[in-house]
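Shared chain: chain A. Partners: chain B in the first complex, chain C in the second.
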Partner chain A sequence: MEKTAAPPGRPRRLPLWANPRLGLVVLLVLLVAFFSILRPAFLDTRLTLTPLQSDISVYLVVGLAQLSVLSLGHMNLAVGRMAATSAFAMGLTHDKLGAGLIVSLTVGLLVGALLGALAGLIISRTGVNSFVVTLAMDFALVGLITILYASATDGVAFPTMPAGMEALRFDTFADYCLGDICGPRIPLVVPIALVAALLVGLLFRWSRLGREILMTGSNARAAELSGIPTRTRVVQAHALSGLIAALAGFLLAANNGAFSAGIGDSFLLPSFLAPVLGGTLLVGGAVSVLGTVLGATLTQVIYKGLNLLQFQLDQLQLYIGLVLLAALSLDRARHVLAERRGAAP
Partner chain B sequence: MTLTASSRVLTTRDSIWRAPEFTLAVLAIAGFVALAIATGGNLLSAGTLEAFFRFLAVPIVIGLSQMVVLAVGQMNLSVGALTGFCAMASAWLMLEAGLPAPIAVLAALALGLAVGLANGLLVVLTRINGFIVTLATMTIIQGLRYGVNGPDTYQGYSEGLRAFGRASILGLPAVFLVALVVVVLVGLYFARTVSGRKLLASGGSPFAARLSGISNDRSLVIAHGLSGLLAGVAAVLTVAASGSVNATIGDDLLLPSFAAPIIGGVALTGGMVSVTGTVLAAFLVRLVDVMQAQFGINPRWVDLIIGAVVLGAVLLGTARQKLFSLRPGSPQPASAQPGSAQPDSAQPSSAQPGSSRDEERRSP
Partner chain C sequence: MFVADKLVKTFPGVRALDGATLTLRPGSVHALLGENGAGKSTLVKLLTGVYRPDGGRITWDGEELHFGGPLAAQKAGIGVVHQERNLIPAFTVAENIVLHHLPGQAGWLDKQRMRAEARRCLDLLEVELDPDTPVARLSVAQGQLVEIAKALSLDSKVLLLDEPTASLTGDEADRLYTVVRRLRDSGHSVVLVSHKLEEVFAVADTVTVLRDGRSVAEAAPLEGYSQSAIVDLMVGRAFASIELPQRTVDASKPPALRLDSVDTALGHRDISLSVRPGEILGLYGLVGAGRSELAKAVLGLEPITAGTVEVHGKPARIKDVGEALRRYRLGYVTEDRKHEGLFLEQPVARNIAVTVWRRLAKAGLIPDRQERTLAATYVEKLGIRISSAQQLAGQLSGGNQQKVSLAKWLAAECDILIVDEPTVGIDVRTKAAFHELIAGLAADGLALLLISSDLPETIVLADRIAVMSDLRVVGQLDNTHNYAQMSQQIIRMIHAEVHTA
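The block that comes next holds the complex of A and B.
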């Protein structure tokens, strides 16, 4: 389900095998088979699959945060710091005010959305490149977060977490039984991420707001002339990115078991990997939520598999980079091939 | 001086104070004087001043390394990791392979050039956005950098090289003078050589460049190769000046590599470079660093301040631009500021990095 600004029903359909999503699924199946043969522990539910699902959930949401601005052809380099700042706000709300899970989460999401909106506002008012604005914001927030944590806590993390975060961290649906029927071994964070993906998908597919954001990304001038308030749409897309980044920060805090200053440090690369592998272009105007889900799954499967094969840190990075380049090149080759076939008749 | 493919130098007397570099130069001098006064002249003492310039060398070269790829509308996210990798490789050659320092230095430069060319070839052959390609190669290079010596530190290599790192000529550190030579060479390359002008033409308008018989693909490969070579130079300067290297070298260089050209007024859309601006911006960032050290400020404030400075410089540039374009009869300044592709309307379409749209269009 690729969402472009053009009306559904593209004039020239690419053949099925040229669908990048299908390629990702095939690659995913091959990799899972490969890792399972080498290390049967890869299919162990408790040791591998359950933590893997938690990781995928976090990085899916991180990818969605980047996707929200890629729809405009913009970038959000501060995605990790927005998550960290929001996580700080959540921790502070709980630690100092004694607020519960829902209130803390809401405050955090609000902070994330405001940060995103601020970035969007600067971009849309000044016309400065989004790369520069969010890079500067990243610089600024990096400093701010350490200062905030140093002043509000005695170290790098809040000592307490709202009630319920522990359940999000350790519990799976198998721990909740209705009589004899227990749920599958799926962590509680998975549905949160899936709902987020679904909402973002619906937004870009069906809502007026989402379509207008895509229009703006596709051709800002045409959008402006069609009566779309493009500046407002830019602010809204960036606010959405900040909001989703805050959710990613919350999920990672739940997985790690603490609101810490290190949240978001590792977000930047995966945030681009998931949407780009999934076929979202950097130029804007088209997004693929399903592709982002697959892209996030693929990257985390590779990480987990190489981890199980006991690769060292350096080799892990080396192979991730190589797999990434190979996947992107294959995708590109398939696309070119498909276009040639399509253009021939 | 601001260099584009069409205008060589801003020559008229009237436009000198209008050049974006003018603001930066004033800021740099004012900042330096203010800091010298605030530290009670401590900044001007021989030792402090020497340290100031010694650790200015690498930021300048790494900023130029990023600027070269920005000239063709690309980005190179792997500059920091590559600097670290080249530094580790040259230290390995000296300590483990027992090669003399000059060969290790040349090998580091060659390695940087080779990796840079590989980046360029990948961008050209796969037609994937340069941002994504260098993101991937950055990860690979980080792995290689760690693979050279694991978490351990190399030290005690070539005495001659370290002596060079400590040496001063007329009160200025030798490494800084090397950086200045590199600055002049890069400036001459873009101002005077055919190859450099072609890079700017490709960055400014790939379509027009192709119609003029310029190979955009070649420009991309050259720009990435040059960027890698400059990262190699930064690596050699790091090895010489620091006296010990480990696998974390270069981690903190990526953001400054963007900060210097962007504050210096280089457009991300390509086709325009400012060597002077980049150098002045690196100087400004270094001033903030020294201020932190002199007053014992929490180092984290530095990031906050640099972030504010980057944004402030860009906004100031845009404001200046608007001011000048509002004056009746004044010539429209060359598109010399980021985000000024459409000065009067904040169209988000200009706010996409690199020539990715062109890449998509150029795909077969």
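The block that comes next holds the complex of A and C.
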């Protein structure tokens, strides 16, 4: 009798116009057009587009660091300070031990992963909200970083960088030619960020680890009762967040040209903006890496555009806030509208 | 007179109430009885404005009432004390009592008036309690009285008490019923929802019995019934039992799962049970008897403090569900599918395959195609109705959700399954299909521990029945599948236990 009954209704799938990724693309195109008309310099490759790509790369990776724990419905408020501590470790490894780029980077990534794992361990053992744990960790690391830089450097930054970081800072693929054919004017940090995004996407889409993290975020109780080691998954997700934060710290250091104490100061809000704009839920259970790429691009385009229109820094912050608020509200309105339509019989 | 006439309430896939009628006279205590799932809670929720009826009407002295929400019902004079506590622990007795109409001026609380009002309500009950005591310091019984006082503070003429003595001692219950009689004498209508027949017979004047969402006795004087006549009404002699193919359990096989004198940290004492391959052991009891908790202790989610658990004859110390699944092939289909069984925001395919990703994964990655194939196999096998494997589990009907939650354990190739309340909230026809399914699993050689509060279900499915009450096994019976005889035996077993407790 079950089989002969009428087939169930179509699943409620959001219509195309309600896809948040598509909305972001449209918004992005409109903004680029708007800025280009007002300031043709916006399309200047050397002046605008190349540095813009470097910035997008950094904030994409920052967003991925937050996305890793948003998958659980957790937050990592220490994302900036984890990046700073890891960057310090990279600088120290190079400065004191004379290690090269790869070794320094590896040490830094390891430090980031350990910090993240520590946060995850505290969260999963004590059951204290991730917000509180990472907030406390952020405070602790702020103090630690000041002490570390004061003891190991002149107080602000390491004087040297490993060989190769200069190239990451200034070079684009246009500087590398094979015979007459040179690459496009894309900074070297871009593929690093894209590979990171691809790997994170692969993790959450196809790997057992990533999926089990998402299931834990979706319903921790059901996950535990389905045989998923939820505590371990929490630690792993936070370790991943720390690791990616460390990578973001490295990329910013490369962009800035120094391992400095200020790295990560500006990470916290953008780390949420990119994934949330891209449709990743704060409640956990679903992530969108592509959305995060678009979200990071959108925020940086707005920033760059307003910058070119010669807004003062404080005005800049104000307008970015307004634009993002509008973008998020539009997104929400679109979603509610779509839900209402889908729910109708 | 308060009349709820022919109320109908449907949920997706279930007709929870199907023309239930409840009539209340002022100055009487009215018992609302029925087996688990008969529709009592739904009726209470309709009367208190939590749900809106899909059919029928509620009238008071001929005037029709419509409730926009729980507060509207309270303001109309219908008070309720739910089974679970609804007080704010950090607030005082007085603050809790007048919570919905705090006296005051210009936003400032008038503590004097608040205390006076609380005192008035407590006096109605003749309860000695300091209005300034924080509720956190009260006993369960005192808390219950405060809730009744809270309901009275809104000038309720109708008071619904849902299992008010479930967590009270005998003395406390007696005191509560003294209060109930006093309310009756002052002209209130009290509706008493209870499983404890002795108490019902001691206090109530009239009775309404619900069965399958219909009222089978309407406001009848309780004097006309004996306890067993009420039990007959509750369970219904005319239960159309489905014909399941005969299964024979090979008694020579060693038990697949055996509990021997198990104590748990939750208070279970001396639990001994065993299930053989191909056998269904029904674990029957009222809600709160500790059956799901026992299952969770076996799975390692709660500590076992004494006794042994054996799987296929070997002692097993299971530390979590993962180990139960992979090492002992023991699965647990949870009762609370929305919170514990399913990932509502995830596709059906993932819900089914989650237990076997470890097996499907190649180099840590899960091939989509194999996951889809696996999901399709069980969708077909269990007759799950979905539009695609990517449909979200939360969009399915109750019966299909339950099948998905069962499917993940079948996919994991378990050979022992603990199935907890498999058909709660599922309509009658799907229920029958589910029963066939479970019987089929046993015929295939699975050992099944069926936890159920549904007596007909237990008697139809089980080979043997263990009856639990108050964290103990109070008796085990071989099931004759003779419904009248078995149900009488089992219900007496439970009520005898409640009576002597």
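Here is the rule we go by: the second predicted complex is superposed on the first by the 333 of 345 C-alpha atoms of A that agree within 3 Å, B and C clash if a C-alpha of one lies under 4 Å from a C-alpha of the other, contacts with A are read in each partner's own complex, and residues count from 1 in each chain.
Criterion: a residue touches a chain if its C-beta (ideal position, glycine included) is under 8 Å from a C-beta of that chain, and two chains touch if they have at least 3 such contacts.
Remember, predicted model here, so these are calculated numbers, not experimental data.
Novice: Where does A:A286 make contact in the superposed view: on chain B (first), on chain C (second), on both, or on neither?
Specialist: Second partner only, chain C.
Novice: Check whether A:T160 is in contact with chain B, with chain C, with both or with neither, and answer first, second, both or neither.
Specialist: Neither partner.
Novice: Return first, second, both or neither, reflecting whether A:R221 touches chain B, chain C, both chains, or no partner chain.
Specialist: The answer is both, since A:R221 touches chain B and chain C.
Novice: Please work out whether A:R208 is in contact with chain B alone, chain C alone, both, or neither, and reply first, second, both or neither.
Specialist: A:R208 contacts chain C only, not chain B.
Novice: So in the superposed three-chain picture, is A:F131 touching just chain B, just chain C, both, or none of them (first/second/both/neither)?
Specialist: A:F131: touches chain B, not chain C.
Novice: Quick check for you: in the superposed arrangement, does A:P229 touch first (chain B), second (chain C), both or neither?
Specialist: second
Novice: Does chain C touch more residues of chain A than chain B does, or is it the other way round?
Specialist: For chain A, the partner with the higher number of touched residues is B.
Novice: Which chain A residues contact chain B in one complex and chain C in the other?
Specialist: Touching chain B in the first complex and chain C in the second, residues 219, 221, 224 of chain A appear in both lists.
Novice: Under the stated contact criterion, what part of chain B meets chain A in this complex?
Specialist: 122, 126-129, 131-133, 135-147, 150, 255, 258-259, 262, 268-269, 298, 300-308, 310-311, 314-315, 318, 338-340, 342-343, 345-354, 356-357, 360, 363-364
Novice: Help me check something: in the complex, which residues belonging to chain A touch chain B?
Specialist: The contact residues of chain A facing chain B are 72-75, 122-133, 135-144, 146-147, 150, 216-217, 219-221, 224, 230-231, 234, 269, 272, 276, 281-284, 313-322, 324-325, 328-329, 332, 335-336, 339-340.
Novice: Touching chain A in the complex: which residues of chain C?
Specialist: Going by the criterion above, the answer is residues 299, 301, 320-322, 324-326, 332, 334, 339-346, 350, 354-355, 357-358, 361, 364-366, 368, 383, 385-388, 390-392, 395-397, 408, 412, 429-430, 433.
Novice: Which stretch or stretches of chain A touch chain C in the complex?
Specialist: 1-3, 5, 7-12, 202, 206-209, 211-212, 214-215, 218-219, 221-229, 285-286
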